[in-house]
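Chains here go by letter, A, B and C, matching the order in which they are written, and residues are numbered from 1 within each.
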């Protein structure tokens, strides 16, 4: 008997799928909450890349139903960084996840904001010893801490049942990505290169309009320059042409038709792209 | 409460698992149909490779229980290609999926045929705006169109509830792969190289018999030639020897024992292999 | 209606996720047992690497709830190797999986031992013909044999319902990994290099103590030598420094802070590492 009224437990980590890290996180959640649905958002965040994980979570949360989010990208595991569980105000009554669990390193920040802001937060006590007394606590918190806490919250525990209250204002936040309008141009950080090579920028269409970008734009990355065409879809592009479109998250994105725009442009997340008006 | 009587929602895409594409498709289906089982067949189709996706789906559907199949390999996303939902006659009463949802680009064709042919088909209206008004419709149809339509069909909607009727005969079909018997030989296209390097051919054992292939065959690819041994299993092969066997889909396949036959032969999907009688 | 009281079906294979092998194994289990939860531990065992699969399974089983484990890493598929189902005594009443299913090649041995030892075992008859009469039996046993048998056991079948009794003592066992204390040093085999490059050794902290390893150790692999620091966590390490810690499975592990220790040390599974006392 699953309990769909309680929603799902959503997982987003940098664990990959080659090892058993993601699988054991799933398994311990279901051992404690056998009626839960566990939904893998992705375990493919690049190892230790908190920023990439935070962006992926921010792109995702608005589409999720009710439940608990577990996010683990945690280069500071075993250090003094706090482990936290946070309740959010929610976008609207009944919609979306109400709890997020993970390390307090900025990973959760953007998602919390999108979900209406933090209502309350607790610091989690360190994981207790693993079963059978083997295994050092603090080295695999998905299995030993975050997964079990998420299961308890899904089962109905309150934040105060799982940790000690902290000031939600004290949660670590990542700096906002670069995105600004200068005369006739937009400077924007590359947020994400997806499997297909599409290049998502921090800027949105409003900034493109403010800069007066027209049907043709100059794209400059480092010293190199390309011409790009503004358009509504992949299909309108010529073979090899670079397009500038609004993507599925409402961001400006550089794309090619059935090719990797990231490879064509030689660009990676974190780099700055300048889009300038041509005509 | 899952509803096993309604079966599952099966997913097959080229989304990969590094990004959140597959995860959000799962999540939106479960948001709309929390009692559904979502079963990932694979998200590892090579990007944009409609043919590989169609072959994978054709190999799979006969093994599936009841439910709805969502397949997305969609280089034409955002173009004029139709999005469709199709009901099939079914292999036998009660068995196998009854609905398939995806782009009308040939991806679904082989599976529809295996499932008894199309009973009816509808064209889906474009995705409406994404939640919160952000995101361009038509760029992530798994999340915005195919996933939600599959959830509705799983919940009991009819084809006419989700789209406008079209002639099932107008659905796009891919050309059949090359597979022919010539005197003393079989010419066959490579359909698939799997993770283990096994090379599946378009031909079946009946064609091998028709060509009179015996216990030893000559395998020729491009200008190169190998000797291969016909047999029933991997285990009968010597180290490094190439074998010709009937695989788990009833196709002829070139295999090595614990090695990649594709690497040994230097062969890739789409290439033509000629199997000639030696003795 | 899922039946959480019956637990889950846990999957661990070398099938990868690029092909439909793992997906079809999931699908056939759910077709036969629609109320089951199928939990993927991992499908990322390196192809044919029985030892790596056995170690992964051994690391995992103590964390699993009740249910049935299906493990498939099977270079001998199609040979005379037996296919088996095994019931275990269990770690404690009610806890952990009670049945394991897979090839009799050593893959299951360590897990069986951890789960209290084999209570009974049966040899499985070969897979019957695949649906629609296509497909050679014995080439895809996850789909045709192990998955269906696991579903039957989950549904309540007994071992004797699915196979012929064999002596549990006759099950194939892998040799134990190298791990020994010599004066002032520990010699230990590398068991596992994880996604993050952490290097798990066969030795545990008790062996480190027996050898008198202090705060600084010499690590030697092949002819090369490094200095390493013993510590409790990643966070205490300097940039680029190699640490020796107890990992999440209670083994000694060589680690770096946010870097791959395996790359730094140039070490792979199966190699021998010597840890010597410095001070």
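Just so it is clear, a residue touches a chain if its C-beta (ideal position, glycine included) is under 8 Å from a C-beta of that chain, and two chains touch if they have at least 3 such contacts.
Note that the structure is a prediction, hence the values are computed from the model and not measured.
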To lay chain A over its twin chain C by CA atoms, how big a turn is needed, in degrees to the nearest 5?
120
With over half of the numbers shared counting as same, classify the chain A/chain B interface as same or different.
different
Can you work out the whole-Å distance between the CA centroids of chain A and chain B?
31
Which residues does chain C have that touch at least 2 chains other than itself?
1-2, 17
In the complex, chain A touches chain C at residues 1-2, 15-24, 26-28, 30-31, 34-35, 47-48, 75-80, 130-136, 138-140, 143-144
Residue ranges of chain A in contact with chain B within the complex:
1-5, 7-8, 10, 12, 17, 37, 39-44, 56, 59-60, 62-65, 91, 192, 194-196, 232-235, 245-250, 258
